[in-house]
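A short write-up of the structure that comes next.
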Amino acid sequence: MDFDDTPDEAAWRAEVRSFLERHPPVPEQARAWQATLYDAGFVGVTWPVEAGGRGGTPMQQAIVDQETARRGLPPLINLIGIGMCGPTVIVHGSDSQRQRYLKRLLRADDLWCQLFSEPSAGSDLAALRTRAVRDGDGWRVSGQKVWTTLAHLADFGILLTRTDPDVPKHRGLTMFVVDMKAPGVTVRPLRQMNGDSHFNEVFFDDVRIPDDERLGDVGDGWRVALTTLMSERLSLGGGGTSIGPKPEAVARHVAAHIGALPEDRQVLARQELGRGYVAALGARYTGYRQLSKLSRGELPGPEASAGKLSGTRSARDLTDLAVRVLGPDAVTGDAEWQDMQAMLPGMAIAGGSDQVLRNIIGERVLGLPAEPRADKGVTFRESIR
Amino acid sequence: MDFDDTPDEAAWRAEVRSFLERHPPVPEQARAWQATLYDAGFVGVTWPVEAGGRGGTPMQQAIVDQETARRGLPPLINLIGIGMCGPTVIVHGSDSQRQRYLKRLLRADDLWCQLFSEPSAGSDLAALRTRAVRDGDGWRVSGQKVWTTLAHLADFGILLTRTDPDVPKHRGLTMFVVDMKAPGVTVRPLRQMNGDSHFNEVFFDDVRIPDDERLGDVGDGWRVALTTLMSERLSLGGGGTSIGPKPEAVARHVAAHIGALPEDRQVLARQELGRGYVAALGARYTGYRQLSKLSRGELPGPEASAGKLSGTRSARDLTDLAVRVLGPDAVTGDAEWQDMQAMLPGMAIAGGSDQVLRNIIGERVLGLPAEPRADKGVTFRESIR
Amino acid sequence: MNFDLDQEHLDLADGARDFLSGSASPAAARAALDEGAGVRPGRAELIKSGYATITIPESAGGGGGTVLQLAVVAEQAGRVLAGPSLVNFARAAVLLENLPDRLAGLADGSLAVAVIDDGPVLDAIGADTFLTLRDGTLVCGPGEVTARRPIDATRGLGDVTLGETTDLVRDARPLWGRAERVGRTILAAEGLGAAARLLEMGVEYAKERHTFGRPIGSYQAVKHMLVDVYVAVEQLRSLVWWAAWAADRAPGELPLAAAAAKAAAATTLELAAETVIQVHGGIGYTWEHDAHLYWRRAKTDRFLLGDDVAAFDEVARLAMGEAAR
Amino acid sequence: MNFDLDQEHLDLADGARDFLSGSASPAAARAALDEGAGVRPGRAELIKSGYATITIPESAGGGGGTVLQLAVVAEQAGRVLAGPSLVNFARAAVLLENLPDRLAGLADGSLAVAVIDDGPVLDAIGADTFLTLRDGTLVCGPGEVTARRPIDATRGLGDVTLGETTDLVRDARPLWGRAERVGRTILAAEGLGAAARLLEMGVEYAKERHTFGRPIGSYQAVKHMLVDVYVAVEQLRSLVWWAAWAADRAPGELPLAAAAAKAAAATTLELAAETVIQVHGGIGYTWEHDAHLYWRRAKTDRFLLGDDVAAFDEVARLAMGEAAR
């Protein structure tokens, strides 16, 4: 065990730092900034060289993430492409797809989105209804997706569809790459409770997809989707990244305001800060342990979900504290923490609700028995009757 | 709405008070004390006159409870008999049983216990295995009960048995009154984690019970048991009684010790006291609302379980506070609060675990759907394979 | 002892529900947030309906009713996020009780009163007359209102710069304290209504929405969350009724009861809002869903009339004081 | 960066597990409570095994090892409620680091040392030499020990009246602080072991015990409770390792890491004990079941080396201090 950088890691960190010092990003030019970073070798660090990556280590990627976070830089615009879509194309795509898409994805020449959830298929993703039907040498897709981040900007998406309703629901699915500019694709932004629109509804109205845009075999979409979801794990609360505000930012905010509070409120604020901070540190260092396992070549397992579960909670508690130290003015004042607060309820839902994550950890990590399934052995068509 | 006593209630309260002032109980003579109270008309206040009671109102009983609690008197020794066994005999017993048992129960001439739970039938009571088999004009009972309060002193018990294993589990049960001194009954005390022994295991080894000690019809035991359990509801956290320490007692304890604490600990102690106290008051006044409904002739419904659920929680929190204000000395010092603390984990289990109570409230009060049952429509014999 | 609403109260609640659900709604709260639309039903309608003036004596043109009656109405107001709050009416009716002219102005709507505490002022927007306590004296005056960026647009929050004031009542601390406690009781009653409505929304959705082949309300994770809200709501209801009864009939119990109700309302409404968003999943997190409008109310109300932390502290001090007796 | 135990540590843990599970057990803890039996494996065995003296330099007859190694052993000790605690050894090894004779006495067992803080003294019973800080000076002396009525009989708790003392180190506050933090780290490691063992017990029972025709662990109410314990235990593990590594390699990080580990250990062990009793139902509440022995440890440990409240406060102060830099 050694938290310090190895000499190689230290050299890499120095290289990243020096680059970031010399290249301040322009906030409006998110695509250009990702391209600049890519050209310098700092995007897709762990991706294979033949996929446009650098073939580096997870620790190198983590160092890039740490250094960009340390400088307060925003996440890359194509984060979902890099974290979820790309890895899926790497594993399940054809040579031609890998050629066409991967490098452009890493450079943000194309933006990507992930089209999985539907209005009646959230936690129960395999219940999705978007239909893909054979049409000559291609497919025709109709249906609706929802909660699709970046769909309004995306060039491509990975799209999970139902190709056979007469087999049990997990077995009749097929994955495609879809051109988001194709005729019949309509994107409608969804407004969140905090007033922002980060998500979209996406409607497919008889959209044609050539068969060579299929990812994996017909009927094998569930297995392909598992690759995507496994890749998602590490990008949400895994690897020591924070959910919501960084605990250090909250500590700074509290430090700036605590002096103005009466003594008894200072005592309470410190207790809350201590509790939230310990939880956040616990999540962070547990993420580092996962990163170390990953560095040894292990796959990201279901235990990575623990970081999202507890990170969401500590983010909620710390943000509540940040609001509370503002006192009654908080309800009309400080926009930053108000907005953060109104974002957090979504965190315990998106990317796996707290309840679903607890099921996953309980069953796959602790080995506790699953609940009896009401829909077992039933075809999809029967299940929706 | 009026919290104050009506003139009748006030007169009754005065009568109770005056009696209690003139008759201090001797702690060792629990039976004699109950008899004295009974003879004065203060036990079984709401029971019908023909059952040995007074035919009074729930509010009169509540006033007796309030006044005895206010004087710090312990609960009556035959509490389980009065709260659960007696009401069951009143509803389901024969005239002869009512004659034989009820008045003696109220006077504590006989002590009673309730023989329901078994090692493999806790929350799932209807899964019990104690067998009663016809034997001429009576029955032979073999099996084991557990968590039986007062069994080591009891003269009689109400005993739930399985008389038919070849029907679904709720249908093959029959209830009896059992003589606890009969041959073949063995009582073994169970030691709790706090060191006390309030519960027992009870073994039945071919115990003979005459058929006229049956309570209700053969195979109708589940319905009879529901009468018992409904009666239990109000005695656990219903009607405004406290679970665990009275919040006022905790407030007194905190008031006595808080001055010795550093200022920051005082702030924290007050927050905890305030939170626990509000929860305890909320449970208490919700109990009063139930009492008012009862006074109008409504039956104690499943919503009464809410009092136990939250009362257990606030008792736990308040006791924890009582221990904390003692500081580090708490771990070797004050026996009273240590013992109370070690009693509380049992409170969230006995008389319906928190989890079972939440199911009951969710399904019967909120109308939420039940979970699919794995053992539905299966005979008891098949279910234990 | 009878701890239950009488038929008269139930009838009052029915009437208030009809009026308020016809004139206010979460949709109106959303419009207030989105477009700066005025709060509904608005001050004039509330006065015209007679509900806002229940606790003003008949001699001054009010309803001559009880705090309990007002609490029953306030619960209905909370259910639909009505505005302005009944809190200022309740407080002002106490503060002005010996000032017949001003009381009559409150009752006929010619005075639009808001009470100033620390922090942003509840329903400052639309008020023209402000009451506050200055060095123990109750004072009154016009004020300049600045609205900033409220989380909840139905609370009419603003910062108030008082103009020239008139002294109304000297040695007014006890009066002020009583009025504040009556205000806390009514605020808690509004919170009760909002929390109870959230619970209904959560239970309804949990029965309808299916996942993995069965309603989500059949899963213990969802069911037990909603039960915890139910228990909290019912206990809040008990505390609100107790506090309202104490305001009318047992002034000695009012301080403890009002603090307990205020604190329980803050924590219960917050619990209800966050739980019900979680039960709804993504849809509960959208702008178009009503849940966030109640969530905004929760995040705002907890700071009004002293926050929950202060109320818990007060409960503890009062409990220890009583225990020492 | 590599945040994982090395093979050497895993081997050490295996050995310690064999030794400790052979020589201590919850049954022994129950006997200590019931019959006043001595704690197991006891001071002499712990020293003989070499585990207690890992962090004493080889020159003084110790193992010359790291705090991380001792933490790995302490986790195994916590699993079986072994006594005496490794905390006093760890602290004394720091406090006496420049006093070779006394260090050698600690290593060969001729000195049985306990460290005095506020409140009852950990492993006072069986100790003959007491260290404490008096006006900034580290002092040492014999003491008279009074045991009262400990919740947990494995902690050797007693009140100590110090006899005549010898000054050992002047201006010892920094030394004392470092020793206390190392002690907190080892205490947290023992708590980690106890909590992890509780989790195993709970998971095992939840798989076996059936109700309503299926294992109780298949119900979300039970499953999710155990998951919350799992998450807490794994995060505690991370904090313990971080603190131990900091003690050895990054003294600047030790104060925050040790306070965080201490606080997390207190809350996690308590959560684990109460959850696992609840999961077991009635059987978990009996004297014969092991759960309450861990529960007693939880209720005791949270007060040792400063309580969790103090530790959270320290975390907050340190976090704000770092943020200000």
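Per-chain numbering from 1; labels A, B, C and D assigned in written order.
In this section, a contact is a pair of C-beta atoms (placed from the backbone, for glycine too) under 8 Å apart; a residue touches a chain by one contact, two chains touch by 3 or more.
All of these numbers come straight from a predicted model, not from anything done at the bench.
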Chains touching both subunit B and subunit D, listed by label: A, C
Contact-richer chain pair [A-C vs B-C]: B-C
Distance from subunit B to subunit A - Cα centre to Cα centre, in angstrom: 51
Rounded Å distance, subunit C centre to subunit D centre (Cα mean): 49
Centre-of-Cα separation between subunit C and subunit B, whole angstrom: 38
For subunit C, residues contacting two or more additional chains: 214, 219-222, 224, 309, 313
Set of subunit A residues in contact with two or more other chains: 264, 267-268, 271, 355, 358, 371-372, 374
In the complex, subunit D residues that touch subunit A: 1-6, 9, 68, 203, 206-207, 214-215, 217-220, 222-224, 226-228, 230-232, 234-239, 241-242, 245, 249-250, 256, 260, 263-264, 309, 311-317, 319-324
Complex interface listing, subunit D residues touching subunit C: 219-221, 224
In the complex, subunit D residues that touch subunit B: 117-120, 147-152, 155, 157-159, 210-214, 219, 221-222, 274, 277-278, 281-289, 291-292, 295, 299-300, 303-304, 307, 309, 313
Residues on subunit A engaged by subunit D in the complex (per definition of touch): 1-6, 9, 59, 62, 247-248, 251-252, 254-255, 258, 267, 269-271, 273-275, 277-279, 281-283, 285-286, 288-289, 291-293, 295-296, 303, 306, 309-310, 355, 358-359, 361-363, 365-372
Residues on subunit A engaged by subunit C in the complex (per definition of touch): 117, 119-120, 122-124, 127, 146-147, 190-193, 195, 199, 264-265, 268, 323-324, 327-333, 335, 338, 341-342, 345-346, 348-350, 353-355, 358, 371, 373-375, 378, 383
